[in-house]
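Handing you this structure, nothing more for now.
Going by the order they are written in, the chains are A, B and C; count residues from 1 in each one.
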Amino acid sequence: MASLGIDVLFKGTNFMRLLQGLWVSIEISLISVAISILLGLVVGVLMTVDNKILKAVLKLYLETVRIMPQMVLLFIVYFGTTRVFGWDLSAEASAIFVFTFWGTAEMGDLVRGSIKSIPRIQFESAYALGMDKLQTYLYIILPQTIRRLIPLSINLITRMIKTTSLVMMIGIVEVLKVGQQIIEANRNTSPNAAFGVFGVVMLMYFLVCWPISRLSIYLEKRWT
Amino acid sequence: MDISILREYIPLYKEALLLTMKIGWQGILMSLIIGLVGSAILHFKVPVLKTIIGIYIEIFRNTPLLVQLFFIYFALPKVGIRITAETCGVLGLGLLGGAYMIETFRSGLDAIPVIQKESALSLGMSEYQTLWHVIMPQAISISVPGLLANVIFLLKETSVFSTISLMDLMFTAKDLIGMYAKTIECLFLLVVFYLIMLLPVSIIGAIVERRLRYGQFGD
Amino acid sequence: MSELLKVTHLHKEFGNNVVLKDINLSVKRGEVVVIIGPSGCGKSTFLRCLNGLEEIQGGIITVDGLPVEADKRDITKLRQKIGMVFQSYELFPHKTVIENIILAPTKVQKRNKEEVTKEAIELLDKVGLSDKKDYYPRQLSGGQKQRVAIVRALVMHPEIILFDEVTAALDPEMVHEVLETMIKLAKSGRTMLIVTHEMSFAEAVADRILFFDNGEIVEETEDVKGFFKEPVTERAQKFLRTFEYDSALYI
């Protein structure tokens, strides 16, 4: 196995460093997902409001996010804002900003979808009881959508984690970058390290994402 | 924004777009083939093969394309499998996309009630005729919206090709920014060229979805 | 009259649940046999067995002397002799009325498309639907769909047609048009096996009545009028009485 570069992983702190790199990705994902879920709830409710201008603006937002690769958004925010506004956003802040921007739209659309699936009569019977709009959403509509939303939000986490692999492109040292560094440092002693290291990186991503997607599928089956 | 710079850069972006599209569509074609074959295997529960397909789907759906590409491009040569960056792009995209296409087609197949199949059989059709004339056309119609969503997703995913030194749109933008620091122009063209590639698919998607969705025959 | 369908000692079970036990039946050419009985008595499953849609655990079914076996290659040949009409019509939603009808004759029987189309339109005309030939199923009412499904079965020139509760999914006002079509078919000398809950229709159309209960043929008679007036077995009496109570309620 030595020739395939597995040994490199156990040299010094290499494995620890990979795990730390993985944690960087997960941390960025979790922060972005958390903000996305909160903002997404608001955006999703706004998407169902009967207001043409609001609808058009949110539709444009959603479509922009849907059509532009996250990598492009990442470049725009990281390189573009410095140029145009003179902001000096760190790579991490740029990443969290972009993923939140993306995640909020996706989450918003999920929220909109689940609200739309609630029969109209549910709103009407709440109004008939004298509730106002806010009360209707708070006590009647949102609680009904939560069950549907939880598996979908969990699914968003795995998508987010997979997408954070892009941040190495704007210079964040995450697991893949650490992997590259390790391979580079051991170039002479183990020329085949790429196999072991990238293999392990792939396995790490799998071990993180797979249980989460199973959980999401399990909950979806159980709750719907 | 400097118009003369834009003019100067456009041919470079055009080259990059053509390369991105070429690899993108080859990868998507591969994913469609994998999707059709794989979904049929899962639907008909072919022993052994269905387990292999299941494992394949889980691996490719639960790891990022970037990591898959790194593995195929940098790691596989170490065990003697050497391929060009372009082939690697097609292969990576095709394998990733295949995992998504299988699920899309499969949910289409599973959505057709069993009794539709039985009614075709009761007319004396063979299993093959039933699949070809009755089940598949309906399943594919149901799958079209999901399929187009996958196509957009895959075309977007091509943006990671630059990491294996393919001179795609991202690579060109990054390269030009690095060399001449015309950031605004470069980013502007990057957005425009991605729109050129993705907007038509997105619009077709919206139209087709309205037209072809299951049950819409005869509108 | 010669024997067309023969069932001997048919046994069918789902797991440990026996749904058909020791069914024996012989149907002659041109005969109309109506099967009645409470829900879940196995009468629909029986029809599905006849068409090889269900595997059977015992007994022999033959149509025109050929055995029906669910997983045999020549089952497709046999099914061409047996037409089937389903409760839920099961037209193909992606094909127009005429395409639905000519699909199997052209693909399975390899018949000439023009000739089949001509025949299809004649048959559609007989059920009053020739003007709907280019419609998609979803543009038709339930009753219209079911008449198309009957034509789709007829155009295959089957020796026998199985009707599985074909009016059960229809709105009451559409039941009549479908039953009328079936009565016409019966009068034209077709061999038919009908599962139904429409008692007065059964009485009008049947040459023979089979009363199913609990997976068995409890009563079998060619004295159709007599059966509906005064069935021999207690179970059949009880079953028919549920319908009387219903009509009594409405009076």
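Criterion: contacts are C-beta pairs under 8 Å (C-beta built on N, C-alpha and C of every residue); 3 or more make two chains touch, one makes a residue touch a chain.
Chain labels with UniProt names: A, B = Polar amino acid transport system permease protein; C = Polar amino acid transport system ATP-binding protein.
Just so we're clear, the structure is a prediction, and the values are computed from it rather than from any experiment.
Counting hops only between chains that touch, subunit A reaches subunit C in a minimum of 2. More C-beta pairs touch across one of A-B and B-C than the other; that pair is A-B.
Central chain (C-alpha centroid nearest the global protein C-alpha centroid): B.
A centroid comparison over C-alpha atoms places C as the chain most distant from subunit A.
Our note on geometry: subunit A versus subunit C, Cα centroid distance of 56 Å, whole angstroms.
Rounded to a whole number, the gap between the C-alpha centres of subunit A and subunit B is 20 angstrom. We define each chain's centre as the mean of its Cα atoms; on that basis subunit B and subunit C are separated by 47 Å.
Residues 48, 51-53, 76-77, 79-80, 82-84, 86, 88, 90, 92-96, 103-104, 107-109, 135-139, 152-153, 156 of subunit C are the ones touching subunit B in the complex. Chain contact summary for the complex, subunit B toward subunit C: residues 115-116, 118-126, 129, 133-134, 137-138, 141, 214-215, 217-218. Every residue of subunit A that touches subunit B in the complex is listed here, in rising order: 4-5, 63, 66-72, 75-76, 79-80, 82-84, 158, 162-163, 165-166, 168-169, 176, 179, 183, 192, 194-195, 197-199, 201-202, 205-206, 209-210, 213. On subunit B, the positions that touch subunit A within their shared complex are 58-59, 61-68, 70-71, 74-79, 152, 156-160, 162-163, 170, 173-174, 177, 183-184, 187, 190-191, 194-195, 198-199, 202.
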